[in-house]
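Structure, as structure tokens:
Per-chain numbering from 1; labels A, B, C and D assigned in written order.
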Amino acid sequence: MTQKTVENATCTFCGCVCDHIGLQAEGDRIVKTKRACGLGEAWFKNHTAEDCYPDALVDGKPATVDEAVEAAAEHLYQANMPLVYGLSNTTCEAQRNAVALAEWVGGVVDSHTSL
Amino acid sequence: MLRITGGRVYDPANEVDGEVRDVCISGGRIVEEVTGADVRTIDAAGMVVFPGGVDVHTHVAGGALNFARAMTPENHRNAAKFTHSPELRAGVGGTTPSTFATGYLYAGLGYTTVNEAAVPVLSARHTHEELRDTPLVDKSCCVLMANNELILDLLEEGETERAKHLLAWHLWAAKGYGVKAVNPGGVTAWKWGKDAKILSEPVPGYSKVTPAKIISSMAAMVDELELPHPMHLHCNNLGAPGNIDTTIETMKVLDGHRAHMAHLQFHSYGGDDWDTLRSESVRLAEFFNEQPNLTADAGAILFGDSVTITADGPWQHLLYQLTGRKWGNLDVENETGCGVVPYTYKGTNMVNAVQWAVGLELLLLINDPWRIYLTTDHPNGACFWRYPEIIHLLMNADFRRECIEKLPDKALKRIHLPGIDREYTLSEIAIIISAGPARALGMPQKGHLGVGADADVVLYNDDSDRERMFGHPRYLLKGGEVVVEEGDIRKMVDGREFIVRPSYDDNIEEYLRPLFEQYYTMSFENYPVEMERLEGADIRECG
Amino acid sequence: MITLTLKEQPEVPIEAEALSPDVVSKLGNDELRALPIFYGKRQLRLDEFFEVEGELSEELEIHGDASRVKWLGRGMTHGQLRIVGNAGMHLGAFMKGGTIDVTGNASDWIGAEMSGGLIRVGGNAGGQIGAAYRGTLTGMTAGTIVVEGSAGLEVGMRMKRGTIVIKGMAKDFTGLEMKGGTIILGGAELRTGAWMNRGTIISLTPIPLLPTFAYNCSYNPTFLRVYARELAGLGISLPFEESEGSYESYSGDAAVSRKGELLVWQPAG
Amino acid sequence: MGGKVTCTLGEVKNRADFIIYWGGNPADCHPLHFSRYTLIPKGKHVPEGRKGRTMVLVDVRETPSAKHADILLQVKPGKDFEVITTLRALVKNQPVDAARVAETGLTLEQLQDFVDRMKNARFGVLFFGMGLSMTRGKHMNSAAALALVAELNAYTKFVSMPMRGHGNVTGADVVMRWTTGFPFGVSMSRGYPRFNPGEFSTIDVLVRGDNDATLVLGADPGATMPQPAIDHLARTPTIVLDPKVTHTSRLARVHITTATTGISAPGTVYRMDEIPLPLKPILESPYPTDEEVVHRILEKVKEKPAWTPASYKEVPCA
């Protein structure tokens, strides 16, 4: 089983975004965290790289990512007023793309801030 | 390949003053000659050809500006709109335009290079992310250093050499281009709600470090490191009545070292308080004219809405108390701070009228256009997209007199502008908006149309209404690509980022690491900006 | 008269800032039908959602439940706009003159940043009536808004001059950061007059007060007599006779100033 | 009138001698906040660490954070705005009504003492959490906290900071500001950015049923939103990008599994004080990242006939 360690990893669970976390992985799981709080440790250990969900679902049925991407694009493109929402548990790079997508489909874009 | 033919060319760096000649472009650069069937020709008959504009001092990206964007939704609501098209991203203009709009608005003036003048190391990653989303212009950054407490601590201990290595390390960590000094010592004093107003007095929290010491040591470090751009200096006592003494004292303290004096307009006042404020541009210009080591930008103001954004925290608190409007403040651990206050300059207000005159006076009284550049300290004095208004004022003394007549009477006694007849020539304009700032920034490929230069070329209609002329370029070429055609932006191209890699002793990292771990709140390893975040970085090795 | 009748409920909101007397009074029927409106992100012709009758008139009447039609009467300077039914957001925003009547309910931001004219709502209205949009320093600067029913949050936020009458209850933050003008309330929930600098808020029933409002006296201000006569023309009866009762006067908000006045009617006996 | 007087967390660590937490429970929700950033560390100008600082906790109940506090001020639920507004008046030595103050659960004496302490601080900081910003008054409660702190600067150095929850919600604000000019609640339906909280904010849009398709990423509204909003998500096409099949995925037309941010997906996130930090993923996910999937959807949209608002007719308006 492959082992890997990372130092000064960044935890995205809460707004503290602590970036001094030590991580140790075996295979597709994180088995040990250093300097993380309880919430952070649970966050790191509960997210594995296992293949435990379908790649994609379209109308409740398993689908390929390509099919799902095509369906997603069609729904958003056809909509008269689409909404792009969330943007919290994701990266700035994804957020940046999401704003571009909202622009291309003429939609509303919003985050948790408005709650 | 491209040939611009029939235009009157103004290329002061190469002593070309309005001659009709061809400009040839290949591979993104100016070349001697282009031949062949695939050469596109732009007929520039009746047009004026300039090298692309260079803004030596502006605030267009990063934490402080983005903070201001959030504070002023009303400004964006009423601003110019940029509508989505398959070629162009959407955006809003106004006092703090969104990044895409910033690129369009600069291109819409014929500018192709901008220097973001205030970047903290701690949030430099953010600045570069924004600059990557600022299309159509090449970019560089000045990194805030004169209130960095780790450096000030070394100056306190007399360890100037080590301070220099630390400064160089930070500059590279931030992926910056130049060193910025803002209100030296004053911003760190602001962390206790104080200021540093007297150059010879110790900065609060230090016994040996004075603003004068910071200024002279840091200018020397920048010279020793052989950075292409001299220390970029925002003097103490910005905006305060009577600050002329501080400004002249600062120039003396520099003692022959190179420096670029930013937004000089805000530092050229006489008087004891707001009621007695007056222009001291004559005194300043006379002294400045004798200091060949110095360059400056105007920091002119225009009447209308602005938002003031500066690392000068104490000044911003004062302005908030004066205006009673919104106030934002963002102190950055161990390094710097910034304040944000929306402000409206009014032609009927005596103080604002004097400020308006001082900016123009400096541009007209400093006799060497190669050492004074057009800026408004965007968005502090006015938005950069209003530069054409200033150009018109500089080129047309009659128009200037019409404007002066509208000023309040009590302002007229406090300014020198009515007695100045000088009118700028097109060649001089080309110097103050392009050739001069490019030279001050130490960018040999910018600000001219000689062989080997970047093919950043702008074509204006020759129009006696200079505001209309410079506000509506017919064509703009960025790196040889036609991005503005018949006045319309046709496409988005990415700009490059200029950065420097100064030499420093690698051991400085071992000195810094324990201090960093003690005083900062992030991991040392995560502090430097990763090289791969910069798209198209152009690295200059120094020292 | 020009009459528009909504043909069907739109699935997403419509934006129809062209629907003001200023614009329609200059147009023939064919041009009216072709007026651009926005259905979400798509620009459509007016007649795709409305039956269009009449032309060249400063009287515009809209029939149907237009609660998802935004920006009706935006910036209008004269003429009459009558909505027989409900109206959507931003009704009469930036209005400068003329009259708007709504027989049903209206939504949020009616008369936002208006500088003249009259808006009457027969039913209930939403929040931010006569208010400033987010970030703007000043809300309505003149004009009158009368709501027969209840209203939402932040009524009259940052208003500088003009009159707002809510005959029913208003929700929280009525007169928030008010700079001048008058608000008359049937009653209100919490935080009425919060952070007000100047201006007058009159409540005809007792309301909860912030700790930063100080009691001055109980009296019958003479200016109210004049005011009451003016308002009577709009069908509003404001009590002022000493025989009927008196007003408890409070000043505040001391968090920002003490120049605002809050008057609470106390019936005699 | 708006604005924010704030700093990065290291300023608090190095300087703050007076720390207020209002409507938040960092001991449970931001567990390293005390030890890494604020209360406990020895700072450059607070060499004593915890002993050099006073902590005041303001909340509606005694949470686990209370045992870290020197002073606990227990305010009645929904009375925060009244308390802060009173404090603003007291800071300026203005009179307030003692009886109405007492309705907040705190006495005038307690609030006067609080104000005196704030003014006497060398460097004060007010952190406010969702107990303030999500209760009755919402954004006005936050505005009250920001205004109080700005005004305290006439007397001493004082800063404030919202205790942002959800991972990278700060990053969403930052990115939207530079790309659109506005921090959240932006409509692109006219082809350029427009901002209007209440009109373009998600809950309002969904509850009114204004939109006709939704892309959800980095959130699970199906678990947290009011029922009418959830019903609307189920009624209209919803697309979910998430590392797990979530509540929202179950009512969505399309779900795409993506790599977990920071564990398998690289990139940047912003800390609550707007400091950008790089991610260092340790595991290689079998799934693509959000960044990649959103990009692929965008590329598919670009293949379709373009939506060109720039070519629309100008709308006549008074």
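In this text, a residue touches a chain if its C-beta (ideal position, glycine included) is under 8 Å from a C-beta of that chain, and two chains touch if they have at least 3 such contacts.
Keep in mind the model is a prediction, meaning the values are calculated, not measured.
Enquirer: Does A-D or C-D have more contacting C-beta pairs?
Expert: Of the two interfaces, A-D and C-D, more C-beta pairs touch across A-D.
Enquirer: So which chain ends up in the middle if you average the CA atoms?
Expert: D
Enquirer: Where the centres are mean C-alpha positions, what is the separation of subunit A from subunit D, in Å?
Expert: 19
Enquirer: For subunit C and subunit D, let me know how many angstrom lie between their CA-based centres, rounded off.
Expert: One centre to the other, that is 32 Å.
Enquirer: Would you kindly tell me how far, in whole Å, the mean C-alpha position of subunit C lies from that of subunit B?
Expert: 46
Enquirer: Any idea how many Å lie between the Cα centroids of subunit A and subunit C?
Expert: Centre-to-centre distance between subunit A and subunit C: 44 Å.
Enquirer: Among the residues of subunit D, which are close enough to touch at least two other chains?
Expert: Where subunit D meets two or more other chains at a single residue, that happens at 1-2, 36-37, 173-174, 179-180, 183, 188-191, 195, 197, 210-212, 268, 270-271, 275-278, 302, 307, 309.
Enquirer: Send over the residues of subunit C in touch with two or more other chains.
Expert: Expected reply: 11-13, 40-41, 133-135, 137.
Enquirer: Find every residue in subunit B that makes contact with two or more other chains and list them.
Expert: Only 71, 73, 77, 84, 89-90, 129, 133, 325, 522, 526 qualify.
Enquirer: Think of each chain as a node with edges to the chains it touches; is that a line, ring, star, complete or other?
Expert: Looks like everything touches everything, fully connected.
Enquirer: Sort out for me which residues of subunit A touch subunit B in the complex.
Expert: 7-8, 10, 19-20, 92, 96, 100, 103-104, 106
Enquirer: Mind pulling up the subunit B residues that touch subunit A in the complex?
Expert: Going through subunit B, the ones touching subunit A are 84, 89-90, 129, 133, 522-523, 525-526.
Enquirer: Which residues, counting only subunit D, touch subunit C once they are in their complex?
Expert: Interface residues on the subunit D side: 1-2, 81-82, 85-86, 88-89, 92, 94-98, 100-101, 103-104, 136-137, 140, 188-190, 195-199, 210-212, 307, 309, 312-318.
Enquirer: Over in the complex, which subunit D residues touch subunit B? Could you list them?
Expert: 1-11, 13-15, 36-37, 42-45, 122-123, 150, 153-154, 156-157, 159, 173-174, 177-183, 188, 190-195, 268, 270-271, 274-278, 302, 306-311
Enquirer: Show me the residue ranges of subunit C that touch subunit A in the complex, using the header's touch definition.
Expert: My answer: residues 11-13, 39-42.
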